[in-house]
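Pasting the structures here.
Heads up, the next two complexes both have chain A, just with different partners, chain B and then chain C.
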Partner chain A sequence: MSNEAIIEMKNVSKRFLLPQGEVTVLDKISFQAKEGEFITLVGPSGAGKSTLLRLLIGLMHPSSGEIYYQGKLQRGMNDECSMVFQNFGLLPWLSVMQNIELGLEPRIKDSSERKEIVNRYVSKVGLEGYEEAYPRELSGGMKQRVGLARALAVEPSLLLMDEPFSSLDVLTSINLRNELLDIWSDRDNVVNTMIMVTHNIEEAIELSDRIIVLSNRPGQIVGDIKIDLPRPRRKRDKQFIEYVDRVFSLLA
Partner chain B sequence: MALIPRTTIEKTKTSVIYLVLFMGLVYLVVGVYKGGVHLAELKAETVFLPDLPGAILLSFLRMLASYVASLLFAFIFGLIAARTRMGERFILPLLDILQSIPVVAFFPAAISFFIGISNGNRIGVEMAAIFLIFTSQAWNMAFSVYESVRAIPAENEEAVASFGLSPSQRFLRLYLPASIPRLIYNSVLSWSKGWFFLVACEIIAVGPVKYNLPGIGSFLAKAAEQENTSLVIWGIFGLSMVILFLDLFIWKPLIVWSERFKQDSTSNQDEEDVGIFLNLPKTLASRLKFLSEPLLKIITIFISPIRWLLRDIALPILWDFPAALAYGLFREISRPVEPMIVRTQKIRSAIGYFALGFLIIFFCFYAWNWLKGPLPMVIRDIPISIFYSTLRIAVALTISFLWILPLVYFTWNRPRIRMMLTTVAQLGASLPATALFPLIILVGVKKMGGGMDLATLVLLTFGIQWYVLFNAISGSALIPSDLIDATRSFGLSSFATFRKLVFPAIRPALITGAITAWGGGWNALVVSEYISVKDQVMKVKGLGSLLSHSVYELGDGKSITIIILVMVAWILFVNMLLWQPLYHRNLEKYKLS
Partner chain C sequence: MDSSSSEGDKRPQHTLPEIGISQILGLVELLLGKGGREDIYKLAGELSMELGETLTVIKAAEMLGLVHTPGGDVEVEPFGSKVIDGSITERKDLIREKLEQLPVFKSVREFLKREEDAEVTREEVLEKLAELIPNEDAETSFSTIVNWGRYAELFGYNDDTQTFYLDL
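Showing the complex of A and B:
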């Protein structure tokens, strides 16, 4: 694991103009993500966690402050990032294959080359046999596999995830969490840095190297906790429970 | 609850500004036209039965051209309205106004612009006719694109944006497919409206200028002039066959096909939004699958090279390039919209207000000059004309209710009969009532000696009853079965059940039907209050005939402007004061959730 900062926020604030006036959603956020890190963002709803992810990828722009990607000031969309969405963000009129292919279209002109990549990721996330299915025919867990495959297929160096497991049932999300860890630790993959938003503290401790805790609106960083536990982590371990308590006390 | 919702007032304010600006434009255009274009009248020839297929083909091609133009318009303006703040503020009210302006009001503009610039040759006249059909087709389609794009879930939008798709890829992958279901429903509606006005649009006349284009509309008109009833009936039959064919083999399969483009969760919502074609029977479509499936396959084979051409060549040029150009102006089209844009917004709205202020000053100056001159004579007839026309629509609505309510009484609990009724009604509604005009005039007025007042009423009722019928039928189909069972269990008589359950349950739908009929009625009124057969004009007192008179006989811009202004203001006024409050009150009280 190198110590290069892959992405960095410097004094980033985000304000929205709403009918009731200007609202500050994020207030002077500064942090770095190092290459190879798995970071989770936790905080109460309305803390601006999702907004923060959208700023990182370039879907939104900071009202003030800067974002640096590998030392370069970032403007516009960052095409070395990709994102997994809470409600999957799949297009209902595209099949599983076509949905995964979507992100490759602007990058790779040759369609047979695209198909090859798609097939590789279809098998990586366990979607074999569902290639021609449409999203409406899939369960929530399968849909999120498509979302994950689509994000991985563009071979990003930074993967952003917005509550990827929160609309799934408990068993499905346990399975997917383990697979995500496998993907993250698999050295064959390009992507080894991940930033994930969650409201589930145990999920954050189970998965990440570092937890960044945001306060209620306006969102500010109130805690940055390194999780020093060997993997696989067990929820009933004493240390695990101590971490849960620490994060809880920061949120309360 | 306030009597009139705030948003209605806001919308009306913008609408009024637009109306005023639009009228200024009409008057300017008419002024230009009066300046000099003078055209010779095309010879009125005799028509025979062998002319019929050619006439239908020409009319169909005209409709097709207008439809393609409407599609382009719908995508461009629907997207701008959906994806920019300015567009939403300004394009939506504009479309609202344009929707309530009768086709006839566009005649002067069509003549002076298209025929004027082409020096009166055939192509110019064709363009004018296509433009006129376009004005009856385009607006609701633009609305449907707007609504569809607005209904795309934010995450889908973000997902597509996050992969950096180009504007044309984004259009093909996201906006186009998302628009398909509503756009197809609205296309059916637009084709109906197009056929309805086609008959009026093939004979273009303003003041001394008159044009006939060969087509089914002018075929029917000439056959009526020749007083050849069987030829008129043949014409109506031929047209009906074409419409039936299009309905069964193009639209029904397309509607089934469009199912796959619906968002997962909103499949029921979609059907509620599409106005009179509320529940196109899917059973009929699925029964015809053995025919429509191979047809679709054949169409696909033909379309794939065209699709390749469009997708890989035309779209990148036609869409990416202008999108790149428009990037500075309408940034949001090619970029994901943030919930609010803080800094740029103020600057942009300042520019908007400046432009609007300039236009208003310009208009006031010009209105002053205009008012200085003498007012046209027709003004005196306006109040009484409004009264007659409103009365006529009210009577036509009453007639519709009088036969539709008993029909609902007999069919609401018989799904099979209701289904058949819907199919028949759809075919009836898609046949243009205007095609029947010559027949009604020939047989009803001339042979049987009925008055023109009666004929107008019949034509009007034919034009607007469908709005009420579709809404009533679909409303009665949505009554939950547990409510029916509950009412039954008390042993109520069938009349009591109708009075206590069915009628209250379909009230919001009936009001929706009445509102739509009110809007559409004025358009139909203009065509039915004033009919010229041969050199003889048959008309009744009313705002519609006053407008037709000003367009066809006087060609006077000032009168046209004033009449349209009054008409649209009256439509909006009644909408705001009567229909909207009525609708909201009823929805609150009788909503079945």
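Showing the complex of A and C:
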């Protein structure tokens, strides 16, 4: 393969010490994400999907094994990575603008430069007009746009998403999934590599180039499936349904 | 269910359903994925949404001219496809043009243009709403006016001072 791996896990295991003893959450995980890839991680709850994202961004460290970012051993937080959370992670006392600006403050000292970047991403995710609004005034869909704009504003090389659509209603998530694909395929963006956790198999097939399937605890990779379908993908297509069956059979 | 009411009923429709723009766009995207038309009852079942809730979203999409409801079906209008085909910014522009034609939004805009300092309070808008929709709870429509208005950048609303302003 010609393209470089942006991030790579080599034999990564994660164990937690609980009162009832040591629990292995992830067991010998190895995979690479290539520049420009959209990968989804699926697996039963308790498979360690969220832990895996936290290891990738450096919020947690492997109990054994290594993580390489652009070929270098990763220690500590990865500044070129950002994360979108299921429950948006917005600060209720800050406006939309201020919430997006938050992640930029440690990186960019000049406040007018910060504002300019914030405005760019506000417009990219369709939040113009909401700049002064507070999270409580926003629908779930608009809240997650703020979460997305905040993650994009730091101009990461790798975007991680932890079930970003699962607390939204069905119709809102359809809309946001489509807009996310637009953003991902927009080559003006710095970020074109995404790793997303989902428990929704159809969502994984609709969006990603590759699905990594994890088993129940301890989480191990039981499948790595390339989705070779043109976009936009339709759930009713025969091939789509075949992929659903394939992923299901790995989870069952 | 009386599905022909939209044709027989000539009263102007001012009540705004409490539905977010993302949900409305999601509905149109879903329908387009199904070839542009679907039976409403079937759609509700498929979305595991209550029929009443599904109808509210459809009604909202209909107010914006994105869909229409022939018989018991919901069908995407050419304008609906145009909106979905557009970029995020183009979508906002198209929705703005539609909103400008809706009486409630029209009057808030006119209100704002008339005021010297281009600021209108929440109370003033609620009063206007009570005039336009006397039998409905104006508070329900209020949040929708704020949300759709913000999305289309028709006006801004500051929740701290509870005032509307023109985004100039």
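Odds and ends about this structure:
Everything that follows uses one rule, which is that the second predicted complex is superposed on the first by the 250 of 252 C-alpha atoms of A that agree within 3 Å, B and C clash if a C-alpha of one lies under 4 Å from a C-alpha of the other, contacts with A are read in each partner's own complex, and residues count from 1 in each chain.
By definition in this document, contacts are C-beta pairs under 8 Å (C-beta built on N, C-alpha and C of every residue); 3 or more make two chains touch, one makes a residue touch a chain.
All of these numbers come straight from a predicted model, not from anything done at the bench.
Model built by superposing both complexes on chain A: chain B and chain C fit together without a clash.
By the touch criterion defined above, A:Arg15 lies against chain B but remains apart from chain C after alignment on the C-alpha atoms of chain A.
Contacts of A:Lys72 after superposition: neither chain B nor chain C is touched. Judged by the touch definition given at the top, the superposed model places A:Arg234 against chain C, while chain B stays out of reach.
Shared-chain residue A:Val154: touches chain B; no touch with chain C.
Applying the stated contact rule after C-alpha superposition, one finds that A:Lys109 touches neither chain B nor chain C.
In the superposition on chain A, A:Arg187 makes contact with neither chain B nor chain C.
Of the two partner chains placed by superposition, only chain B is touched by A:Leu94; chain C is not.
In the superposition on chain A, contact is made by A:Ser173 with chain C only, not with chain B. Contact with chain B, but none with chain C, is seen for A:Met60 once the two complexes are overlaid on the shared chain. After superposing the two complexes on their shared chain, the closest approach between C-alpha atoms of chain B and chain C is 11 Å.
According to the touch criterion, the shared surface of chain A, contacted by chain B in one complex and chain C in the other, consists of residues 134. Only residues 20-27, 29-30, 33, 47-49, 57, 87-89, 91-92, 143, 146-147, 149-153, 156-159, 167 of chain C touch chain A when the two sit together in their complex. Of all residues in chain A, those touching chain B in their complex are 15-18, 22, 54, 57, 59-61, 63, 77, 79, 81-83, 85-94, 102-103, 105-106, 134-136, 150, 154. Of all residues in chain B, those touching chain A in their complex are 153, 155-156, 158-166, 169, 173-174, 177, 260-264, 336, 338-342, 345.
Those residues of chain A that touch chain C in the shared complex are 123-126, 128-130, 132-134, 137-142, 145, 168-176, 178-179, 182, 232, 234-235.
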